[in-house]
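The structures considered in this document are given below.
Below are two complexes that have chain A in common, paired first with chain B and then with chain C.
Right, the complex of A and B next:
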């Protein structure tokens, strides 16, 4: 469904991503894990059209999307839930939720979709006409996920859903995402720092550090977590050698 | 008492003009982080659009002779097109630039428009009579109110109500507010960046056109820098009101006008020539003690 090859992104002289290859199949839940500053958020922004890569290719459902504007990538069926939530604080919960359907002038399903999503996130219904800036952190996270889903994406990119949230709320968020995957045939690409959750919820895992993919595989094969820890913390000689050898 | 009411109405009328211009500046700042110093020249352009292009000293009305409704629409169209052109030719090419770069580019646009007007219309100020009926004074007892002041206040109220309805109730308006708060996030959700920016330029053009008509009716003279003082006060109004907040821009416009008109009325005679210095002193105090403005906005976080 999504195929990334040789992706390189720089911010000025700083390299954020180098030679990243990654693929996601339809209805998979794929986790990208790595320490702060590894390039996880840059990867998602690049897929969603928010940063311009220096090299590489991104294909979505067989169609090259690299270089497209973010608003057009959204129209292809990719939706990004960025890190740090980004609710429109002065807009009401309702306005936040419908912004994508307004933008894409696709209101056929909007009411029914909102109804369905409010079933998952009943708290939002109670806050319907309040400015989104007044919601708690957990409620804001629910709002941005619901808001992203209102555009009916087939691929949902979620950047660090657990950042700054109580563990119990994070579990709710993950359970909701996974049941949406079943019911709406949603494909998930999730950035995560917590390896425990990632092992519980994902089909496949990529470990990224210093802008490079150091390890990837099926979650059940990486179950013991040792290889992940080695790649994540940089105790893996092979991975380090790969890093050193890279230009 | 009569004096006070008279002064209040003066302040309201001046405040309306400032608020119109401040809203035009605030709209662009909200979405683009563009402090548009060419805004005053759009106002000037709107006024010059009324006359036959020539370097003659006498202004011959052209569009200015059309029926009022048609004239307003025509001037709005001309200024909107000029505003959209300034985006297409200049600002759209430096979308990712720093706000300071955008501002300097707007100075360049300002010089181009001013010199364009100089070339076509000549350098001499011209007198032009627009809607001279509006100088008629309505008398309530001892109170004399020029019709123009009432029209200015009414036009501003109508435009502000229209803008509010557009921003609060329409799908386009909600997209604009979202983009003003977090441009990138709005685009991730499908909001078309160029459409929203174009709309902001167009709306600011409409506000400039109406300000131009009211200003020309009031002053009766055309010069290639006529819009600049209004733009400066409107800019101060947006700073006082809180950059990025439209409500703040309007409130700031009225606040600056009230300060200015009341100082004019109540300062001791010998200080009155320095009225503007007092206004600016108030602005400086304001910046020292309430730097985020009367109505601060959260949307001011830098766009990444």
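Right, the complex of A and C next:
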């Protein structure tokens, strides 16, 4: 469904991603893990059109999408849930939800979709007419996910859904995402810092550090967590280990 | 889904109807009670209200402060002058005008529409060029536009009479005429806010990244608001010309820009109600200080504030509002009834709220 090859992104002289290859099949839940600053968010931004890569290719359902504007990529059926709960604070929950459909040519299904999504996110129904800025963190995260789903994406990119949320709420968010995948045939690509959670919720895992994919495999093969920890923290690389140990 | 369509319509219509009723009632009372002087002030205020509401269509929904909209007012005002002045005078003074304009005199509404359309057209070209910029960069570009309009109109001898006044514009605008246009402007601003375009624009104001991720083309929605806003402000300019009967370029420069922005900021940039409340509040404030500068006689002595107190006081009032009420007197909310406010209010964290139909 999504195929990335040799992706390289630089911010000025800093290399954020180098030679990244990644693929996602339809209806998979794929996790990208890595420490802060590994390049996870840059990877998502590159797919969604938010940054311009220096090299590489990104194809979605056989069609190259690299270089398209973000709003056009969104219209192809890729929806990004950005990191940090970007709600439209002064708009109501209702208005937030429908924004994504306003740019679409066909909006007949919007009301029914909202109704369906409120089944998955009942808290939003309670807050329907309130400004989104007044919701709690967990509610905002759910609103952003629900809003992203209103454009009827086939691929949902979720950037660090667990950031700054209580563990119990994070579990709710993941469970909702997985039931959406099961029941609405959604494909998921999720950035995550916690390897424990990703082992529970994903089919395949990519470990990324310093802008490179260091490890990739099916979740059940990596179940013991040993290989992931090594790639994540760089224990198998003496130079890196020394770097990590330095104060 | 949660409420009936008619309930929804009512909820949407209530704030604009209340605001418009308020403005209309205030106007009628003031005109009936006051003399000719007050009637002029009312007309002036209502035209300003049209301009401020027009300005808020762009500024309020996009979050980009525009210093250039008085340029649109200038463009509109001069169209009105070109359309309605005595042909003999135009052939003598404005020799650069097209013959169609030189030889004819057009009715009031044609002048109004023409001013709005030219302002909107210029807004389209300017907006397409500068609205890619964000935040302060866009604001500075609008300021440059104001300076350009001022420069062109102060030097284009044969078309704008340069820095000389244009005189003899038929005076057509009385308080009720101005009221009609102000009410139209308010209705347009309320309508636009809740259109798909308006909502997408407000979303881009709250969070540009998320708006683009939701498929919003920020340039397009900004441009639509900019053109509409330029149209309304341009119409305001034509009213101004046909209220005063005399025009000079320097009417439409920094003092007017400062005054209209002050009105918007004082009332609250984010709402139409804010634009209306701000215009009224600042006008009352300024009139009060003007009267005190003129002197208040108590017995045999006259107390008067020194000239210029009004500007200083307005500056201080604005600073205080920015410090204590950054979202303005209305806190950038629209007028609502108490019952509605309760229904939309915060229900407290974690408490299950019921939202019946």
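Keep this in mind: the second predicted complex is superposed on the first by the 235 of 247 C-alpha atoms of A that agree within 3 Å, B and C clash if a C-alpha of one lies under 4 Å from a C-alpha of the other, contacts with A are read in each partner's own complex, and residues count from 1 in each chain.
In this text, a contact is a pair of C-beta atoms (placed from the backbone, for glycine too) under 8 Å apart; a residue touches a chain by one contact, two chains touch by 3 or more.
Please read these numbers as outputs of a predicted model, since none were measured by experiment.
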Overlay on chain A: chain C relative to chain B, clash or fit: clash
Touched partner set for A:151, first chain B, second chain C, both or neither: both
Partner chain in contact with A:115 - chain B first, chain C second, else both or neither: second
Touched partner set for A:100, first chain B, second chain C, both or neither: both
Most chain A residues touched (candidates chain B, chain C): C
Partner chain in contact with A:222 - chain B first, chain C second, else both or neither: neither
Contacts of A:126 with chain B and chain C, given as first, second, both or neither: second
Contacts on chain A seen with chain B and repeated with chain C across the two complexes: 48, 50, 70-71, 74-75, 79-80, 82, 86, 88-91, 95-96, 98-100, 102-104, 147-148, 151
Residues of chain A touching chain B in the complex: 48-50, 69-71, 74-75, 79-80, 82, 86, 88-91, 95-96, 98-100, 102-105, 133, 147-148, 151
In the complex with chain A, residue positions of chain B that touch it: 171-172, 174-175, 177-178, 181-182, 184-193, 297-299
Chain C contact footprint on chain A (complex, rising order): 48, 50, 70-71, 74-75, 79-82, 86-92, 95-96, 98-100, 102-104, 111, 114-115, 125-130, 134, 136, 144, 147-148, 151
Chain A contact footprint on chain C (complex, rising order): 1-2, 196, 199-200, 202-203, 205-207, 209-217, 270, 332, 343-347, 349, 352-355
